[in-house]
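For clarity, chains are labelled A, B, C and D in written order, and residue numbers in each chain start from 1.
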Amino acid sequence: MSTAPAIELKGISKAFGPVQANKDISIRVMPGTIHGIIGENGAGKSTLMSILYGFYKADKGDIYISGEKVSIPDSQAAIAAGIGMVFQHFKLVENFTVLENVILGAEDGALLAPSLRKARKDLAALAAEYELNVNPDALIQDIGVGMQQRVEILKALYRHADILILDEPTGVLTPAEADQLFRILHRLKDEGKTIILITHKLREIMEATDTVSVMRRGEMTATVKTSETSPEHLAELMVGRKVLLRVDKEPAKPGALVLEVENLRVVDAAGVERVKGISLEVRAGEILGIAGVAGNGQSELLEVLGGMENGTGSIRVNGEELDLTGKHSDARSRRKRGIAHVPEDRQREGLIMDFKAWENTAFGYDDDDAYQSGLLMNNVAIREDAEGKIERFDVRPANCDLEAKSFSGGNQQKIVLAREIERDPDLLLVGQPTRGVDIGAIEFIHQQIVALRDKGKAILLVSVELEEILSLSDRIAVIFDGHLMGERLPAETDEKELGLMMAGMTGEDT
Amino acid sequence: MDYLTILQILDSALRLATPLLFACLAGLFSERAGIFDIGLEGKMLMAAFFSAATAYSTGSVWLGLLAGIAGSLVLSGIHGLASITFRGNQLISGVAINFLASGLTVLIGLSWFKLGGQTPALQGDARFQGLDLPFAEALSGVPVFGPLYSEVLSGHTILVYVALLCVPLTWYVLFRTRFGLRLRAVGENPAAVDTAGISVVGLRYAAVAICGVLCGLAGAYLATGLGASFVKEMTAGRGYIALAALIFAKWRPWYALYATFLFGLLEAISNRYPSLDLGFVTLPSQFMQALPYILTVVILAGFVGKATPPRAGGEPYVKER
Amino acid sequence: MEQLPKWADLVVVPLVGLILAFILSMLMVFATGHDPMEALKLMVSGALGSTYGWGYTLYYATNFIFTGLAVAVAFHASLFNIGGEGQAAIGGLGVALVCLFIPWPHWTIALLAATAAAGLFGALWALIPAYLQAKRGSHIVITTIMFNFIAASLLNYVLVNQLRPKGAMDPATAKFPEPSHLPSLGEILNSVGIPFAKGTPANVTLLVALAACVFVYFLIWRTRLGYQLRAFGKSQPAAVYAGINPVKITIITMMISGALAGLMAINNVMGEAERLILGSVEGAGFIGIAVALMGRSHPIGILFSALLFGALYQGGAELGLWTSIPRELVIVIQALVILFTGALDNMVRLMVAKVLIRPKRAEA
Amino acid sequence: DPAIIFDLGGKFDKSFNEAAFNGATRWAEETGNKFAEVELQSDAQREQALRRFAEAGSNPIVMAGFAFGNALGEVAGDYPDTSFVIIDMVVDAPNVRSVVFNEHEGSYLVGYMAAQTSKTNTVGFIGGMDIPLIRKFACGYAQGAKAANPDTKVISNMTGTTGAAWNDPVKGGELTRAQISQGADVVYAAAGGTGLGVLQTAADEGILSIGVDSNQNFLHPGKVLTSMMKRVDNAVYNAMKDGPGLETGFNVMGLANDGVGYAMDEHNADLVSDEMKATVDAVAAKIISGDITVHDYMSDESCPSLTF
């Protein structure tokens, strides 16, 4: 006896103005399975799922849930149909507590107190059942992204979702957090729930899903059983060419000392010490990778080095002392010292999303002599420069008059990288270079970073992706609670050891 | 300054603070839901006119109050249409509403009463009368507290007490009810509300409507509580002061009470001391009149930290572009 | 929402909004028992039908250009300067001091000095709110509102007690000496052979206003300061990442904004009244908000919306002169124009899109 | 036809503009003729309105308010055949009639009455804005009050410093209460629309008030002691009646020629005893005869009886 698919989409099309985000897409997902969706940035994955969740309205097409045609004009209808969704960009109210976020829209009655009481109990039960522990009274803005994602999942479970959609859930998670997420997903699957998982990480697809669909430029190009495919094959389906899934690099040839950090301490605006006496050095021609669970001080480390934050201690670049608190502690002064910085959050910091691409290629370097003509800025020069960068870094679409926000995440990252790498810095600071970026772009970005190293530049890489750290770094330092736990060579360590160090256990303990 | 003077100043401050408090809470509801409103002034003015006009025509201040609220609600509707339905610029809409009210009130007033845009003076039941709180007489003899109760708290029109009650009520609604939770959420992150299956548009209209009702009360208080007729432009910038108070209060109900009371108090003091002889120099009346504003700036700079507005404030909610 | 072609967005939409506003206005004229067509004709021909009308329209427009630019520059750094009213008033004080107490040999030099003084005074009046916002986090909206009131009090004091000539009834300064009188637009144009009505208040300041538009254009889109200011306005964390000093940018932006508002004084104080009168700004600082928003904070947009408001003022004056239509109706018309071209523009856009795009679909 | 130009406050400002409007309306009703009128919205329109009316053939052209002084000075010479009448200001030109009022004299009288009536020996003054004209009112009032009773305390408040000061009855009411709490039991308002709030509050709180410009006794019968009449209406009425060729020159409207005075009617008959009326009339006679000199603030910009 064949059961009806839990979800069936037929002929879904959706256009945003001139952009055809989804073209006649059909898909079937059987109950009790995990279905993966992959595709390049901007392929239309999020759009499709948002339509299923009633966030966007499809221009054409039908939705069937458990064999019955339903209309999902808004999210309320989707929730009623048993669908829950964890968006790529979380839909949480930052200054609300976890509990408040969970009950929002699912309150029982007009007064809050009873709802909160009930939710607190239910949440405790859910937490116990799925190992989804969160502090119900913590404010969202105070908890890490991993926790925030738990809240999103709890929101869906609290609403008794039978179908759970997760859009790039692991983009911001640590390996341990990701592992735990997949354990939970399997639990849910075993309970008969249906899960749709969007991700750029082929390993996750291979490990977690039963079936997988590939999207390209708004179309569904293939749906295959996971057991019958391979990462290489999927990558090719996605990008349309062979993709190198491993970083290909020569051994490092470290040169002179470029960066020396001694006993660096950083206290944040709230008065909490985030970096507690870090010392490290990076030589020319090598990549030092900093591994660590988000929120352990690596962001602050990058910010102080990049001149966005004050600190105490000593930092020397090419033997010269940097100003850590005074007039020359700003980002501009850092750039003058040959430090380039690819920030962790490209949308909040690295780019002005409303600026055109060409304007963004001068961001932070607007005082460059090449960009001036008398009192004015030489927009012609900037634009020419931008066109070159966009071409060399293969930014798509290659139109420097588009605003940054209309590029996909991968291409936004390429713009930032082009700007920073082409400055030919002595020291490149890179934070989370491939977060949310598709595999085609990841390959390119990694190549560029390695190429810069091979030119004899020093690179400090911060990433929560252990895989990335392992494959890019020449040396790895692990950060925990504002301290460096120790250093390893990539060849002599593995994810397991690093994972333990990231959890605060020193190498000696293991 | 003797105790009696202090009491009198406090009494005056309470009266002066009331319209500001209503308007400030009105703005609070609207802005908490993410709709900025610099049209408080216009809505108050509209309400002042319609409450006075109706109270005069019907002889009932209560009908006047309803009409005032209705007048203010119409403008709220326009603001909602422009800024929620059509996702227009909320500031422009507010500016337009202020102009609209200042022109319309006089135009309609001219054609109804032929008194130069003013309404005839209200008498008897067409205006709110002072209420004596229970035991005001009896307690007035009690030292210190007695006069405070009978002089300062007692004897105001009912709207003053309504305004004061609105503070805990607003707090309760915002922080203890489902509606309040959703309202605050929609001002912080409308997408969260939307994906939780709640209508962003509906919530925002509700907030804007509440704003209209409260502005209606503010305007009615001016024309039928404190005053006894409508005079053109009689709001005299109070909507802007309420807006300042709202920011001062960091969008919180109790702080709104303190902020508006502070404004009332400073104005009462400058009323009481039109020019101040300090012995070595006499502060001119202009200085005393500017004093509330100067002190506001000083207090703001010295004691009040950064105020973070609701995150989604001022931005229309756009899903697709 | 459908994408409209750029020309439709820039021309058709505002035009349709304007027409809607006028249809409603004329209904109101009709409701108050007047002839709408006649009123409309009177307004349009009064404002634009003669060089005389232009002389007034341009005078008001000049004021609004300055205050509109002031608001716009601050907006680009996402600062909401509602203090144009006070800054323009204090700018007037600067102009008055310069014109009254320094004997200028020629108006050109006087104009330069007055421009500097007006800008400086306006900038200084914006400095305190800017400093407090940047350093202490005091919300600029409150402080600029407060500074409007404080400016009014200061001016009241200075004009009544200090600068008023003995025995004068007016809370105003004496008339500025002859050499500092600015040539009117009529005089300038007539001297180059272009006929233009004399005796209208539009004056050489209009050229300063146009120069200010050009200046603002270059400042915002062509200079490093403008680049940094816009970046700061769009994202403060990104500005810090780029090494832009938030305190410095806030203060400089607000001072430029204040200076632009202050410059209005050379038009109304030096060019028109030729003395400083109490309350001389007459709400132009607030109109500037509408002008800037409707002009989408772009100098060209501001130029047009300032012209529109100038024409409304002058057309309204003609209505007042020749009909018994109450002047408040003109305020209502202004309100409707702001509403339909500014706040409900998306509604109009939707209507236009329906007309423009549907048929195309059908053809395809 | 004659024309009249109202100042920025508008023709319904509860003050001189409104009085001027009333005078013009009276003339129109009596003669059945029409007059042109305009309410200004901007300072720049003063000259504009003058010229436009002059060119359109309006004659005479009457303007209410001292602020027209400069504009008329510019314009008058260009239209020698048009007669202009300016109120509250002197413009020296052959075709201009300048009408000024001795507000200080009228204010003196009502101040005198206020002090006589006051049981607390405290009287109040509420002005719209601190400008010379209002000081003139206040100064005469204070002198009168002190003349009636040297122990009288005069409290004076100005409403504000922006245009809103003339249209803020709420603040007017609050200032009245502040003065009452300082002991005032008669208040005199010279503050346009704001004054309505003063009179209202005085009536509510059971003290007496004094109206200004026109007869405001009727607003709260039995509660408005009197009104200081400034017969702008007469000035306008006369100007229009005199027609195009009117006699120009300097025209002082004082107590002597009924230009100012205090209002008596059925609404305040019970408040002003015959005895009091007789005293006041005697004082008025002395002012007219010159036995009493009322200090004009504008004469030397000082006020012996009140500090501002």
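The rule we apply is simple: contacts are C-beta pairs under 8 Å (C-beta built on N, C-alpha and C of every residue); 3 or more make two chains touch, one makes a residue touch a chain.
Quick caveat, the model's predicted, so the values are computed rather than measured.
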{"item": "Interchain contact steps from chain B to chain C (minimum; 1 if touching)", "value": "1"}
{"item": "Greatest separation from chain C - chain, by CA centre", "value": "A"}
{"item": "Chain A and chain D, separation of their C-alpha mean positions in angstrom", "value": "75"}
{"item": "Geometric centre distance via CA averages, chain D-chain B, whole Å", "value": "34"}
{"item": "Inter-centroid spacing, chain D versus chain C (mean Cα positions, whole Å)", "value": "35"}
{"item": "Gap in Å, rounded to a whole number, between the CA centres of chain C and chain A", "value": "46"}
{"item": "Sequence positions of chain C contacting 2 or more other chains", "value": "1, 149, 152-153, 156-157, 160, 326, 330"}
{"item": "Junction residues of chain A, two or more chains touched", "value": "17"}
{"item": "Residues of chain D touching at least two other chains", "value": "10, 130, 160-162"}
{"item": "Listing of all chain pairs that touch each other, if any do", "value": "A-B, A-C, B-C, B-D, C-D"}
{"item": "Of chain B, residues touching chain D in the complex", "value": "4-5, 8, 11-12, 15-16, 19, 115-118, 121, 222, 226-229, 231-234, 236-237, 267-268, 271-272, 274-275, 282, 284-286, 289-290"}
{"item": "Touch list for chain C against partner chain A, complex", "value": "1-3, 218, 222-224, 227-228, 230-231, 234-235, 237-238, 240-245"}
{"item": "Residues on chain D engaged by chain C in the complex (per definition of touch)", "value": "8, 10, 36-45, 47-49, 51-53, 66-67, 69-70, 88-89, 129-133, 160-163, 298, 301"}
{"item": "Complex contacts: residues of chain A adjacent to chain B", "value": "16-17, 53, 55-56, 74-80, 85, 87, 91-96, 100-101, 103-107, 109-113, 115, 155"}
{"item": "Chain D residues touching chain B - in the complex, by the definition given at the top", "value": "10-14, 18, 130, 155-158, 160-162, 164-165, 167-171, 173-175, 177-178, 181-182, 193, 196-197, 200, 204, 219-220, 307-308"}
